[in-house]
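Structures follow.
Shared between the two complexes below is chain A, which has chain B as its partner in the first and chain C in the second.
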Partner chain A sequence: MSVGISDFSLEEAEAETGAVELVSGEIAARSPWELFLRRFREDKFAIAGLAFLLVVILAAIFAPLVCSLVGAPGPYRADQNALDIFGQPTGPSSAHLFGVDQIGRDVFSRVIYGARVSLIVALVSCVLTSAIGVVCGLLAGYYRGWVDTVISRTVDAFLAIPYLLLAIGLASACSFGNGCVGGLIKPGIPVVVAVITFTSWTYPARIIRGQVLSLREKEFVDASRSLGASDFRIVFKELLPNLTAPIVVFATTFLPQAILYESALSFLGVGVQPPTASWGQMIADASNNINTQWWYMLFPGLALLFTVLAFNFVGDAMTDALNPRSKRA
Partner chain B sequence: MFRYIVRRILWGIAMLFIVSAVIFLIFYILPSADPAVLRAGRNAGPQQIAAIRHVLGLDKPIYVQYLRYMRDVFLHFNFGYSYQYSVPVRQLIFNRLPATIWLVIGAVIIWLGIGISVGIISAVRRRSFVDRASMTTSLAFISAPVFWLGLVSLYLFAKDIGRFKIFDGQGSFAGASTVFEKAGAMLLPWLVLAAATAAIYARYMRASMIDTMGEDYIRTARAKGLPERTVILRHGLRSAITPIVTLIGLDVGTLLAGNAILTETVFNIPGVGRLLYQAISQSDLTTIQGITLFGAFFIVFFNLVVDIAYAYLDPRVRYS
Partner chain C sequence: MSIEERPAGAGPSGASANGAPPLIEVRNLVKHFPITRGIVFQKQIGAVKAVDDISFEVRRGETLGIVGETGCGKSTTAKLLVRLLDPTSGQIVFDGQDVGAANKDELKALHREMQMVFQDPYSSLNPRKTVGSIISEPFAIHGLLKESGERRKRVQELMDRVGLNPEHFNRYPHEFSGGQRQRIGVARAIALEPKLLVADEPVSALDVSIQAQVLNLLRGLQREMGLTLIFIAHDLSVVRHMCDRVAVMYLGKVVEVAPSDELYSFPRHPYTGALLSAVPVARPHGGRRRDRQLLTGDVPSPANPPRACRFHTRCPKAQEVCSQEEPLLELKSGHDLAACHFPLTEAEVRLRLPTGLSGTAASTNAHGTGQIADQSSSSSST
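Moving on, here comes the complex of A and B:
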């Protein structure tokens, strides 16, 4: 789950910014943000990835506009005329850029609308996962003692449960009738987000706990406490800002994984429910007829591959830029 | 060493209890559907449902249910009863395990071979074209969804439907009888399952190797006049490979436990993952719960093995 996170070290990032402040008298000072930008810009793959993601995000937001611009009929219209005389789907043509599926729906429109699902699920579950993980990590690392024991043992137990199995179990339990936890979590996107968050919050919790354990011993925490700051203030005003780098690194590496996660759940039929278009679910629909109807499998898969790859390029570059002495370059 | 092993085993057992409790709670709280209603079928009256609820012990308070469940799991190694097939879940899992083991063992060998060697080459030829090309390729394999990779590889290379008829196609494992036939049927699934993990291992191995090659004792080895080959393979690799060992245990554990479900579904391999897939489509919650718990046992067990192997490889661990 945590590719590239493990070799991140906060001390190194701090040493870097500290050094800049020292020489700021003679040379033009650069803020950490400027330094980050300069290093990030050097990575051509990351710039290309960022540009691609921008296109995907715009396409997702303006999906109806994109579809009408290329003359695509939208994701839900099943067009009998688009099937051939045997009732089989037809391949890419000028009317249907990516062909149509078994019941005559336009694959191009569904790929564009599928981006909405992927991005929404990835963003919301990333925010929730990071928030829960960071709060648990902060509490465990700051208070230590029994708080730490409870949180850390729970994290250990979660890590011993095969996450995909747990996710499938939860998702299928929640997909009956009107959802689970008394109907609070409805089948479809809410279930997917809940399941991804529920099985992933342990990763940021572990990372943040480790960082807090060393941060809490630093002088600025003592200084703050001696000025009479409350625990709440120390945790959220003093410690949290110092954790920006690891949180950003986690979030950027987690986003692509959340997209793959959603697609896997939807592929297995426990994720986003039809007729909502989702890339994973489109590939599942296509899997019975890959021999004759390659287009229906190919395009959602390429969309997934390129989106995830772009996120990974950006994530790698961010990790490097926040951690200049990383071993990757 | 002995004390360390005993400590790890005790911790593993404690872990099993915690994990069982967590899984029990999750599957007790979350489902909104009543298991007794599911078991009773469509045309059951309220009396029948009440009778079933009584037989299953679902009318008892939660702690009684929990104790019964723990007793079944730990004393009778009973992971529940599949209402769909009317057999114990344990039996279902054991029937399916051989196919999954076949799949996982081959894939492990492939991903270790490729991952470790690519990682070493990339680390030694750091910043070269080979390094950049293999790291970019590895990122592409990490980014590709495994089920899609499987379908594309079938479309391209399967003997029945492929454009280039090289490998056995979907569902050929079930029909294979000899070891060679089975291995042949598994080749494509092995490669597909190994692809992403090999890529991850290559990246880890590269980072670990670069770390190690900067150590003082490597400089010493070079200064002694040892050939570079010996320095890399005998001195560098030995310590660079230890962090990888930790990964293997967890990855093998999760795959055997059913995380290979995507690959098994695509290639129609009758393994544990495939069983889980069928359980999902039939809303067979007890089977899903049983497989999850069984999987957790696998992971705890493999983590134990890894911890002990790690202590053997790196003596510092034993004394901390």
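Moving on, here comes the complex of A and C:
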């Protein structure tokens, strides 16, 4: 997983959002937010992606309602009657829109409930990863010296870890019984979030550190310090508000990757534990009989594909809107 | 009569002229930025001698100019004064208090007494904060005017005072022009009613046409609030109409300190003479260009400054002794302190300076900054 946005430049965003229109001596400027919205709206893919994501989010939140509306039985009920006379799953029908799985559970319900897992994991790990990374990056960039040395070497060490292997190891160590770290990291979603955060915080840390190194040289930091401001105030009230662009860019790039990450872990059997529904896990289950029961693989696969794609469209559009020089062809 | 024989009026420490102790005394102030090599085990391989043993004082209520080419240590001096940097050695006494010995609380209290206006009106204002919150930051930091209505009222008063529309407190810095931004910086600096205001090239980044407005604002505020002002500039043209006294810096050293009139009419240090030569002067009767003594060659690196007199590599009067013995800052004439073995004579000044020894020129051309850079660059390229 690579986050190729470290070359993002604050000045460029600023130079553009700083556009001022002089109207008869009065200064009439668009707020950065207005400019952002204007540019974002021009991207049709992003609008489509946003609409799709809205549907996914609503479906996830109101999963029970959605299931009952289409008459689906919910994700956990294994209905023997839904299997055919050979005990094999049946395909899409009016009773089961997306068919059923090997033990007769409704695939539609499981896809809808799987969205919950994907979104929760993506959101929570994105927030944690960004928070840890941003704080570490801020501290390293602001204090420099030994603080920077410690944080930067730690980041280097993390980047040297083969993290898929580590994730599998960590996840399997934490996936049984009461979990690890004294029960703090429980099997299931917490493990997945911990693994993703543990292996990903270095990306925002590096991006933010680089930005802070140049930001801290700006005179407004000196101005604040010469007024007697504390380090805490300078870091969180002066520097942090200037980092919204890189943080938003990171977060929107990271969300779809976290979804894929969760799916991969669940696919490998070290993620979300059965019977909780997860797209990755469903795909793994389905891979045994893909030749005959295509629906079991197709629908969670499409859900995953379209959700990630939608996040990417939105993320790209946000990056472009914040950073006018990165124009896609 | 050569000028050296003039009777010295005041002692070298002319500060006590009005009896009161100076607001600031700077003694042997040094700031070296270490140059290091290696990442984990940093080894110091040298130092940029940004400020190297300077001493001066600033009297209450006066305006002291600090002038010198870019890189001579003016900003470093300013930052040392307002405690944005810790000195390598030396002492700063502010209002009788040794700043270096102050503890954390005392330092925070000291920050209320001295403020700075920065050079770059673009980078000195946080682009993500409204003007109102920028100007009220001093109150927030020091826990003053806690009630928001009160704070807003005070902010709007300050905006009005510096010539901004008080209605615009909710706007962002990018909605203002350079001159207006500098006014915002001034409002922030005077919010706590400091005793000392350090203005580091406050108009260098501004359009020549609006420089005067900001300068007049500073002068007005100084008079009104009884501020002591340290005004930094990279050439002598702006300083003249602002300052009571001027200190000229070269490569981390103060080479001349004198009352403005004396400095402009009769500079003693050859470097000051060269700087003045570069000041364009309106010559209504189209007089011929005099023998300008413009600076040639590059400024040596402050990491490895020339021995003894640092100006000897570029000085037209340099002699053997200049590279062997460091000249001390001594009274040369009137109230003029200069660090030079062979100070300029009256004849030299008359020959070379358009402004020299003619008191009438003192008020001409205060805002010619735009042209000075051109002249000095063309002279160094020939």
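Simple rule for what comes next: the second predicted complex is superposed on the first by the 312 of 329 C-alpha atoms of A that agree within 3 Å, B and C clash if a C-alpha of one lies under 4 Å from a C-alpha of the other, contacts with A are read in each partner's own complex, and residues count from 1 in each chain.
The rule is simple: a residue touches a chain if its C-beta (ideal position, glycine included) is under 8 Å from a C-beta of that chain, and two chains touch if they have at least 3 such contacts.
Fair warning: this is a prediction, and the values are worked out from it, not measured in the lab.
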- Specify the outcome, clash or fit, for chain B and chain C once both structures are aligned onto chain A. fit
- Message: Tell me the contact category for A:Asp222 with respect to chain B and chain C: first, second, both or neither.
- Response: second
- Task: Determine, for the superposed model, which of the two partners chain B and chain C contacts more residues of chain A.
- Result: B
- Who does A:Cys174 touch here: chain B (first), chain C (second), both, or neither? first
- Is A:Lys44 touching the first partner chain B, the second partner chain C, both, or neither of them? neither
- Task: Check whether A:Glu238 is in contact with chain B, with chain C, with both or with neither, and answer first, second, both or neither.
- Result: second
- Based on the superposed arrangement, let me know which partner A:Thr149 touches: chain B (first), chain C (second), both, or neither? second
- Item | Least Cα gap, in Å, left between chain B and chain C after the two complexes are fitted on chain A | 11
- Message: Considering only the defined contacts, which chain A positions touch chain B in the complex?
- Response: 3-4, 7, 45, 153-154, 156-158, 160-166, 168-170, 172-174, 176-183, 256, 260, 263-264, 267-270, 280, 283-284, 286-287, 290-291, 294, 297-298, 301, 304-305, 308-309, 311-313, 316, 327-329
- Task: Would you mind writing out the residues of chain A in touch with chain C in their complex?
- Result: 14, 17-18, 20, 27, 29, 31-32, 149, 218-220, 222-229, 233, 238, 241-242, 244
- Sites on chain B touched by chain A in the complex: 15, 18-19, 21-23, 26-27, 29-33, 127, 135-136, 139-140, 142-148, 151-152, 154-155, 161, 200, 203, 206-207, 210-211, 253-254, 257-259, 261-262, 265-266, 276-277, 280-281, 283, 285, 288-289, 291-292, 295-296, 298-300, 303
- Note which residues of chain C are touching chain A in the complex, please. 39-40, 79, 82-84, 107-108, 111-112, 114-116, 118-120, 123-129, 137-138, 141-142, 171-172, 174-177, 185, 188, 192
